[in-house]
Amino acid sequence: MATAHGGTTAGTSQTKRPRRARGPATPSRTPAAAHDRDLLRQMLFIRRFEERCVELYSAAAIRGFVHLYIGEEAVAVGVHQALDEADAVVSTYREHGHALARGVPPEAVMAEMCGKTTGYSHGRGGSMHLFDAGRRFYGGNAIVGGGLPLAAGLALADRMRGESRVTCCFFGDGAFAEGEFHETANLAALWGLPVPFVCENNPYAMGTALAREHAQTDLAMRAASYGMAAWAVDGMDVHAVEKAARGAVESTRAGSGPHFLEMRTYRFRAHSTYDPDGYRPKDEVEEWKRHDPVTGLADGMRAAGFLDTDAQEALDHEVMEAIDRAVRAAEQAPEELAEDLLLHVTGRHEEAAPS
Amino acid sequence: MSARTRPRAHPDDGTTTYREALREGLREALASDDRVFLMGEDVGRYGGCFGVSLGLLEEFGPDRVRDTPLSESAFVGAGIGAALAGMRLVVEIMTVNFRLLALDQILNNAATLRHMSDGQLGVPLVIRMTTGAGRQSAAQHSHSLEGWYAHIPGLRVLAPATVDDARHVLSAALADPDPVLLFEHGSLYSAAGTLDPAVHEVDLDRAAVRREGTDVTVVAYSGCVPKALEAAEELAGTGINAEVVRQAVQRVVPGADFTGLDPDASLRDTFEMDSLDFLAFVEALAALSGRELTEDDYPALDTWNGCAARLVAEADAPAHGRSG
Amino acid sequence: MATAHGGTTAGTSQTKRPRRARGPATPSRTPAAAHDRDLLRQMLFIRRFEERCVELYSAAAIRGFVHLYIGEEAVAVGVHQALDEADAVVSTYREHGHALARGVPPEAVMAEMCGKTTGYSHGRGGSMHLFDAGRRFYGGNAIVGGGLPLAAGLALADRMRGESRVTCCFFGDGAFAEGEFHETANLAALWGLPVPFVCENNPYAMGTALAREHAQTDLAMRAASYGMAAWAVDGMDVHAVEKAARGAVESTRAGSGPHFLEMRTYRFRAHSTYDPDGYRPKDEVEEWKRHDPVTGLADGMRAAGFLDTDAQEALDHEVMEAIDRAVRAAEQAPEELAEDLLLHVTGRHEEAAPS
Amino acid sequence: MSARTRPRAHPDDGTTTYREALREGLREALASDDRVFLMGEDVGRYGGCFGVSLGLLEEFGPDRVRDTPLSESAFVGAGIGAALAGMRLVVEIMTVNFRLLALDQILNNAATLRHMSDGQLGVPLVIRMTTGAGRQSAAQHSHSLEGWYAHIPGLRVLAPATVDDARHVLSAALADPDPVLLFEHGSLYSAAGTLDPAVHEVDLDRAAVRREGTDVTVVAYSGCVPKALEAAEELAGTGINAEVVRQAVQRVVPGADFTGLDPDASLRDTFEMDSLDFLAFVEALAALSGRELTEDDYPALDTWNGCAARLVAEADAPAHGRSG
């Protein structure tokens, strides 16, 4: 559905085709080409957006913790192809990619990162707490596994009201070790809740490798022991992700209960801006980088005749422009006033949040 | 067990128990608003750990009186999610002792989401649970952690103390846009009382005088209110006329409103101290003044003037911190 | 190892044979017969002990919560056949059977139940908190699942010190839904800790039936997904339990990491003394009672010529005598003084507990 | 990141950081007692979330510097079990915010086992974690819950504030027969200081004067101690000579010993109030006396005599509780 672009509202990838194909159906103008271009643009957008965040962090314009998604873009972008506007998304502290793929405007994301009041959380949430109630993006969560039960509850409300929406829940391989994952998986499977669980297995939890975290590392197999459909997916291949997500989401939406996707992926950067990244073999990182989801897709598109140098440059330019705009807007936006700091602690004199 | 009476209609005289009054409140909420449901361990087929929801499953069905697995963190978190999505639900955790397993969800999600999202999200969730010791169940089943929760910004903590409180607290709690924790004292469930037909709601923000009196003020909440009332009756026999104040249904926290009280309010109220703090305070004053205190001093020490008269005159004595 | 008898110290079942077999080897005097008699005596002891507890509860001599083990005796007694004195046991709030099978003297158990100072916890723990440090019985735990991580830690200490002890951990089917079970199972399997997990699947958690508690009710299969050996056992047959426990404990002790036994059993009584037991079909209860572990063993012994009416009567008498003694002792013992209530809150002026 | 310096030996002049001092304490404990080990998320290969244990894995091996999965409840509970079995271990939870997931184990097991077992069992476990806000990490990473824990009987709560505290607190904590929670303020890790060569241990039970002064007493703990010292230096410029008291490494709880202080101790000490309570108290006194307070009043109000002189004389004015 939503796209990682410079626009301000969510739209389907179909309506977002940059140029209407009018001439003869050359490869670069087929619907497949347009779709690939859209996927590429979204992934590239996330990549460049985060690279800019690193610069801003070095310049102390962004503070606190920042967790980069670079390397994992295919997961957020591919999964979002399968989601509707009416669906909900629950994310983690590594959520810039999810938010952008959801269509949260980059201006708002960047402002929030920089602690400016034009961020959707008034600059009060920062990198780990992007929320967008209108787009049913229920936020980042700085507690590993903390969002999982929320997703079950959002889905429960839908089920009780007979809505055909799903609540897509992202979390990591580390979160799979938390009791909250297991309690939630059981609850969702027991009650047949419409939750596609998307486990981003990037096989590290901070500095701890998967095999030091789990006695049995086949996560999809273990999830299946809760009685839900579960399978592993090449998370570096956006087409594979999209296909798996469509299958899981459609089946979930049709009422077959939760599904579990283990997305095998990798983060190219350190865990957070505090991390010297001394625990991963350098050649392991290099090997994964050879499967870069962004260049991988671009290469494929070139081979299929979907992308030429001009188109690539136009895309790069479009992306950079949008990011520049977001950064400028954030720079100019005001910081929160100290006297506003106690706003929204309770809602007693406000209306409760709309459903 | 006698503790688990079958549900029954109110007799016309308004006599009921705390348990039945809570159940009536739940029934009313379930009947009047489709968004309301009850969820927790054994709330349905078992009828609730302490029998509060007995009969509601039969009346409202398993979707709206929903048994959960033993997974406190997940089902409290799911309650938060459902509230985010616009449901108005009540989650029951059997006792406060097990609440600890869900504390991360309560503190890090329920209490903070509104603030962190700049008011985009609200969590209008009611969480009920049993609190308190006194039933010979040892250390792991006897906590009273209201004070902890009352210190978390974003949460409202309620401790209904009488049948009227029990009957009406839920509709007020469900109307609150924020998470409300309802602490039900285990020793009150079977307490009987007569509903005041004039009372149709409770004021969550203001304390209430439960017994008029002139000589001394006793401030209490939850399971201590009936005890304070009993004690006041006994005191009356000795000629002391005690006022009993039920704290706001909400536990007293900074900002609670005592303006409804006698302007000659007691120190305890004025300083918004609970009884233990107050004792420590009085003892500190005594130590400071170098005086030995006896029980006779307490009524006088209860007011500022009393303190000044008894202690300050002697405050030139060297001050020693209490040791060890 | 230890036995549910009237004695005061733990002993192996071998040394506790009531009469030395000296005559010709008739069936009733073979080692097999003696062993069966010992099993029967222990199970019968637990059964009668708890029946007496019910009476004392009605008479308000025992207060607080009381959770009866009646119907599940084969599990505690069978499992303890496989344990040594040096091993540790971690139990639940339904632990009278475990404590007695462990050899905790019935006088001490009864005194504790009655809140008397001659209980091992000075009457301060009551039914849910029987502790016996000397017998490495690390107690009841009133929090469902609360003992599981402790067991992992006790076992970790043994592993780090190179001891060949195991820590046997009892818990219920309800506890299996708690996150703490999953975290502990993973930890134990990951680190190869010597923990035989004994899941007492009596298929209810209070009033909630197994299928309303778990999306997938084959608990042994799910435990196996952690990479540990796991299987289901007829928990109403003490011989089957003993055999399975010996296998699991020996393999655990030999260093193959944790094992998981799903004991299929049933509680014949209500969940606790507060429970009107309205959620189980009467004929389900009756059906399970036909598999009563105590009468089942006695019938088998009679058929094998191991038990005749005289022997049965002698046994009944022996058991009742010991229980009478325990009750009398508890009745006469003093209650805790109010001024002692703050003892042992901290150990600052005492020695720390011996290892 | 500059926050993560590689481990290094103490330079001879005793200059170090809070982080390095903590690490030295850990190293000493690991080297001197076989029963000691460190366990937690990323304590090993990563070097600890805030770099405290960097290098210790290499020195002591993966058994004794043990990385755990993300399973706070299980590994804290396992720490309790290992302590029961006679190990002397240190569990690290990355930050107090995640401690909530382990709170059931801490309160219901660590804190109660000794009492419930009548002294048969003890849990000599040290749990370290980062506390405090101020690093722009938003609501879920900014809690300071020391006060909560300090109210749980059976636990000891420590908040080392200086490099000397950091260097020596661990050996005292490990010697304690009970569970000890060590709160390390995140903003202190990189704070530099010089170890006092005369100090070889810390007294967990008594407060310490960190700066002598005569006009006003500032009591602080944890991350506030350096701030109080800075403020005192500034005040000195204006002619006010402030005494700075570091609370007992243990957060002040009833029973903390202030006898080491000036016998003319401040109200704050005497009443064992933390700064917020104290302000509320002073304001309540003022409201009661009907006076407007200005900043000038505060030094005087800091002592009992000051309070009496300023306020009590006027205490006949009708007393009103503060409203709303």
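So that you can tell them apart, the chains are marked A, B, C and D in the order they are listed, and the count of residues begins at 1 in each.
Here, contacts are C-beta pairs under 8 Å (C-beta built on N, C-alpha and C of every residue); 3 or more make two chains touch, one makes a residue touch a chain.
These figures come from a predicted structure and were not determined experimentally.
Peer 1: Across the interfaces A-B and B-C, which one involves more C-beta pairs in contact?
Peer 2: A-B
Peer 1: From the centre of subunit B, which other chain's Cα mean sits the farthest off?
Peer 2: Checked the centroid distances; the maximum from subunit B is A.
Peer 1: Taking each chain's centre as the mean position of its Cα atoms, how many Å separate subunit A from subunit B?
Peer 2: So the centroids are 42 Å from each other.
Peer 1: What's the distance between the Cα centroids of subunit B and subunit C, rounded to whole Å?
Peer 2: 38
Peer 1: Centroid of subunit B to centroid of subunit D, CA atoms only: how many Å?
Peer 2: Taking the mean C-alpha position of each chain, the two centres sit 31 Å apart.
Peer 1: Calculate how many whole Å lie between the centre of subunit A and the centre of subunit C, each centre taken as the average of the chain's C-alpha atoms.
Peer 2: Centre-to-centre distance between subunit A and subunit C: 49 Å.
Peer 1: Enumerate the residues of subunit D that touch no fewer than two other chains.
Peer 2: 69, 71, 73-74, 97-98, 101, 104, 108, 115-116, 138-140
Peer 1: Which residue numbers or ranges of subunit C touch two or more of the other chains?
Peer 2: Correct list: 124-125, 129, 141-143, 146, 177-180, 183, 186, 190, 212-214.
Peer 1: Given the complex with subunit A, which residues does subunit B contribute to the contact?
Peer 2: Listed in rising order, the residues of subunit B that touch subunit A are 37, 63, 68-69, 71, 73-87, 104-105, 108-109, 113-122, 124, 153-154, 156, 176-178.
Peer 1: Mind pulling up the subunit B residues that touch subunit C in the complex?
Peer 2: Subunit B reaches subunit C through residues 1, 3-4, 41-42, 45-47, 49-50, 67, 69-74, 97-98, 101, 135-141.
Peer 1: Can you check the complex and tell me which residues of subunit A touch subunit B?
Peer 2: Residues 88, 90, 120-122, 124-125, 129, 131-133, 138-139, 141-143, 146, 148-158, 160, 167, 179-180, 183-184, 186-187, 190, 343-348, 350-355 of subunit A touch subunit B in their complex.
Peer 1: Along subunit C, where are the residues that touch subunit A in the complex?
Peer 2: Touch residues, subunit C against subunit A: 177-183, 186, 189-190, 212-216, 221-222, 225-228.
Peer 1: Mind pulling up the subunit B residues that touch subunit D in the complex?
Peer 2: Contacts found on subunit B: 73, 97-98, 100-101, 103-104, 107-108, 112, 115-116, 138-140, 143, 147-148, 151, 254-255, 257-259, 261, 263-265, 269-272, 280-281, 284, 287-288, 303-305, 308, 312, 315-316, 318-324.
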